[in-house]
Amino acid sequence: MSDASVPAKPPAEFLADGARWRWAEIAFWLAATLPYFVAQDYLQLAGQVLITGLFAMSLDLILGYAGVVSLGHAAFFGLGAYACGVASKWGWGEPITGLLIGGAFAGIVGYGASFIVSRFKGLALIMITLGLNQLVAEAANSAHGLTGGADGLQGVHTWDLLGYFHFDLYGVTAFWYILAVVFACFLLTRRMVHSPFGLALRGIRENSTRMVAIGAANRAHIRKAFVIAAFMAGVAGALLTETTETVSLETLSFQRSADVLVMLILGGVGQLYGGVVGAAIYMVARDRFSDVNPQYWYFWIGLLLIAVVVFLPNGIVGGLKKLGGYLGRAGR
Amino acid sequence: MKGISIAMAGAAALAASAAFAQTPVKVGMIVDYTGQFADTGNQIDNGYKLYVKQHGDTVAGRKIETIRKDNGGMQPDVAKRLSQEFVVRDKGDIIAGFDLTPNALAAGDVSAEAKKFMVVMNAATSIITTKSPYMTRTSSTTPQLNGALGTWAAKNGIKKVYTLVSDYGPGLDAVAAFTENYTAAGGAIVGAAKFPVATLDFSAFIQAAKDSNPDAIYIWTPGGTQPAAIGKALAERGVDTSKVKILGQDELTGVSAIASMGDLSIGIITAAMYDFSHKSPMNEKFVKDFQDEYKRMPDIFAIGGYDGATAIYKALEKTGGKADGESLIAAAKGMTWESPRGTILIDPETRDIVQTVYIRRVTKVDGKLINVEFDKVDNVKDPVKEKMKAAK
Amino acid sequence: MIGNIIGVLYDGFAYGMLLFLLSVGMSVTLGMMNFVNLAHCAFAMIGGFVTVTLINNFGWPFLATLPAAFAAAAAVSVVFERILFRRFYRATDLDQCLLTIGVVFVSIAAAAYFFGTTQQPVRLPDWIRGVVAIGGHNFGVYRFFLIVVALAITGALIFGVEHTSFGARVRAAVDNQRMARGLGINVDRVFALTFALGSGLAGLGGALAIEVVGLDPQFAFTYLVYVLIVVSLGGMGSVGGAFAAAVLLGVSDTAGKYYMPQVSAFLIYVIVVALLMWRPLGLFGKRHA
Amino acid sequence: MTAALLAKGLDKRFGSLVVAGGISFELPVGERCALIGPNGAGKTTLINLLTGMLTPDAGEIVLNGEDISRAPPARRVRKGLARTFQINSLFPKLNPLEATTLAVCERRGETGDFLGRLAARRDAVDEAYDILKSLRLDGVCRRETRELAYGQQRLLEIALALATQPKVLLLDEPAAGVPKEDSGELFQVIDGLSRQLTLLFIEHDMDVVFRFASRILVMVGGRLLLEGTPAEIANDARVREVYLGSAGHG
């Protein structure tokens, strides 16, 4: 197709193309419901994969779209988890408002942090986010009275969803609830990626100097993205609290920050689906490997990561897209 | 939804009991096989495996099938999922393992809801067993050991103690239990410090403790790298264990801790429920078998796993192979047996172990460093639950 | 209390020296070669396990194992560099992270498989474990040994980079690869040797660390954070910066534990955040053209 | 009538190196001013000072009567001072339409909208498209920037600057790297820009400078040597000596 044959439709339509739903996307979300129909035994795993996927997606918003590398994103996941858990312990276990409590708390803290984060980049940014994360984790550890310290928060109880659906042992309610929340957050993210704001974030990632030269308020954009990402991470943390009725210091740990970064890069950065796909591949692989080999599964996961870098430099989603491109051309 | 799920669980249990003669009893071993606490998890499993090896994998006509799952660290959400999956996906019967408190607490919910027998083999916070009425514990609780140590210290001429503990739940429980019993029996605390969980170099803490001139320094640390690092700091700061006593819980002078401390560990006094040097024919056989199998010494984690397996086998024998939570916990309550650590009893009220706490001192015997038992406190119950009972 | 300042400084300085040995190689590979090697501490771990094995299974004296630890870590790292890492010098930072984290995972599993999950016990000769009392203060001999080794290496490194032809080639290769190639410098080999040197020092650090902080398969991960802190605070690629940052971290961590145990866990991270906010490129960082 | 852009006594030094020394000049509205000087004369530095990417040690910058000396770079752009880069500084993975729309939306303050669809901003997209069309980039506006021909990327540099609706546009060697035969065409496009727009452009090709500039500033060693009309500059002995002499002509 030659560029001269650009049709006479209004230019805005050109930009609408990118935002259009693809068949592969619809298939992806339909496939996300499959655990319920074909693998009921794996609902708990599927639920936690989705939660981690949401967490990774929130990281992608700042890393993949605004180019802010954070090694401290678990701080917001954990803050959301604790806020929701503490509310539940104090007698408010309603799940949907619980999510908002978790998200809002993480978002407010994220707002404060955003003033620091938006000023730095590179290794300094990575280490500052890591440092802030560790400070939050230590604070939570010190506040035994509020958080339960290393034993984890006790007394979390989630009410029935909409007053009717009990969170059952089989994870059926939890699965559908998580899927619905994650999908809603995905829609929000997708919308955002294709909004003027999303375009500005991509601009910052691509070339922040040039953004300044077209008059963009980069820091304000980054702050906003950071707050939204913190909110979504908080929602993911709250989801974990509600569906497992546990909260521990691990939700705030450096380990979790690093894991989610690994999953996101594995799935593919800045491609909308990278987070969810990366979380799914990583966690399912971990589940299978550790089932076969509980002591040495790290070995196989390590090999998987190396293989992905060697063979799929843009992560799994990037690789699939490329593959799709080849197939598409071959089919023509 | 609730009704349905309970009915389903019930139906599953019914189906299981009808066909139990043919089907194996499934035990889900959920511990940390990887990560910071991997050694603990692996030793628990070693103890468990040894018992199964010694006694065969069939009990009361039913085969024991063990499904191993890696908790991978302090991750209660994972612990909960793994135990749910074990119950739902694997149709498991007995939830076992648990080296860490948060993980055990989270799995306790599953035990309670699914009515599954659960055997905690290490996690030591008192409240764990209150999470599920189907749960027992074959290790010890932190206050049990440290409370006993506090009483013993006050009665044995130690007048001033400086306490130094890891700044998280178990450490705080330990120092609270120690301090309470110690001061109640007339001792004085001359200083107290908490060190961060991730501390790797202890020289500054030890120096501060030494500077307060106590009769003894009480130290509590979880296992891992820390005991060895503390030992090194003690030696380096010139703490003479014949003048300033070092008191602690078993982990402080664990096998690998002593090995890396060398002679520096001589004189450290610890309270423990078990040590491989315990003198009894049963323990000697246990240690020999363990060494043959794993080329290393058993430790408190291994004994927790070993006695956990014992509890499972003996309870199944009593129920004639019935593996539902109600029957097994009923069978387990009040059960008593001879363990390598001595005779122990599952308290029918708290489902925790009632046992002897040994007071040991690291001594060189035939060129080897051993925790030599020189005193003991018999029939120790978990003090926290005693208090809870008294409060009612 | 005042008297102990000397002791705290001494201990902190020694701890800092350990951190320096572990970190300096990563600072060089990151700053000069632009390669994010998160597997750096895995190479340090190799050094540790070599020392443990040689002492416990072959009865080598401790001192003799140190060159072996250096050599083993350097050799293994150079194999990785030639086969794997070299191909990713131009990849994105994120891909480099994923690749080297993969190597860390593999190394943790391999260490657990071959050596078990237990803390590795090592008995050092008594002369090095002792304490010398000078003016009422106790000074650990081992720490003195650490300080001497680290200072000697720092001196050699600075001299090597500034005053030898190899150092000149490294600087040239790093400043401008294309021009260096034009001058007939074998850039590949220079990079490989630099990489091996950095990893070898980490291996030496790993061997020396056992006595202070122990060794188990998690080492590759546990120390990564400390190493990253030293590298970022010092400024990427700066040997002197890494030295200063390691001393700062070692002393402040030790002093924090001694004087303010209640807040010491916060202290180093407060320092990290505050220092980097003040100097984002680190104490001795230079802006890369 | 106030000047479109006024600089007064701009100073900047890095250590002992003076990169800008007491630079003062004034650009009337609609002026097409060329900034010339040998390599290292400090021309790009001057642009960086004017746009705020470097902070001057002393001096004042006034844009349409408003002192912008303290304003951060992005605010200067929003007040109407835009620039292009000597070495392409674009958004490699955005297409020209996206990139230009982004600049338009930034100017209109629409980029804060994170829930609306970009495609719904018809006015902004149309405006961006028109700019691209005027620069003959409409045909490639859906290709990723990194795939464009070099000359097209140079034009996109200008398009992005235009999208900010500048009153003063600073062009840093717009034809850098473009073959000589094409650079005339590029300057034709530049020359066709609105007469309300004030231009300051750095250029080495004296043919181009004398053809398109209405005024010329000559910089040497961080200082303004002289300014004047093309005719005055061409006949100045000093210029011949320091600039034309050293840089050669053609």
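Per-chain numbering from 1; labels A, B, C and D assigned in written order.
As a working rule, a residue touches a chain if its C-beta (ideal position, glycine included) is under 8 Å from a C-beta of that chain, and two chains touch if they have at least 3 such contacts.
Predicted model only: the values in this text are computed from it and were never measured.
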{"item": "Touching chain A and also chain D, the following chains", "value": "none"}
{"item": "Per-chain CA centroid nearest to the all-protein CA mean", "value": "A"}
{"item": "From chain B, the most remote chain by mean C-alpha position", "value": "D"}
{"item": "Whole-Å separation of chain centres (CA-atom averages), chain A against chain C", "value": "33"}
{"item": "Centre distance in Å when chain B and chain C are each reduced to the mean of their C-alpha atoms", "value": "36"}
{"item": "Between chain C and chain D, centroid-to-centroid distance (C-alpha), Å", "value": "48"}
{"item": "Centre-to-centre distance between chain D and chain B (centres being mean Cα positions), rounded to whole Å", "value": "73"}
{"item": "Chain B, residues touching no fewer than two other chains", "value": "34, 38, 42, 167, 196-197"}
{"item": "Touching two or more other chains - residue numbers and ranges from chain C", "value": "108-109, 112, 117, 265"}
{"item": "Multi-partner residues of chain A (at least 2 other chains)", "value": "138, 141, 295, 297-298"}
{"item": "Chains touching one another, given as label pairs in label order", "value": "A-B, A-C, A-D, B-C"}
{"item": "Chain B residues touching chain C - in the complex, by the definition given at the top", "value": "34-36, 38-39, 41-42, 167, 193-205, 207-208, 211, 224-225, 228-229, 232, 235-238, 256-257, 259-260, 262, 264, 296"}
{"item": "Residues of chain C that touch chain B when the two form their complex", "value": "1, 4, 7-8, 11, 15, 108-109, 112, 116-123, 129, 131, 133, 138, 140, 142-143, 211-214, 216-218, 222, 253-258, 261-262, 264-265"}
{"item": "In the complex, chain D residues that touch chain A", "value": "51, 53, 73-75, 77-78, 82-83, 85, 89-94, 97-99, 101-103, 105-107, 110-122, 124-126, 128-129, 138-143, 160-161, 163-164"}
{"item": "Interface residues, chain B side, partner chain A - complex", "value": "1-2, 4-5, 8-9, 33-34, 38, 42, 68-70, 72-81, 84-85, 87-89, 101-102, 105-106, 109-110, 113-114, 125, 127, 167-170, 172, 196-197"}
{"item": "Partner chain B, residues of chain A touching it in the complex", "value": "41-42, 44-45, 48, 138, 141-142, 144, 148-152, 154, 160, 164-166, 168-173, 240, 244-251, 255, 290-291, 294-295, 297-298"}
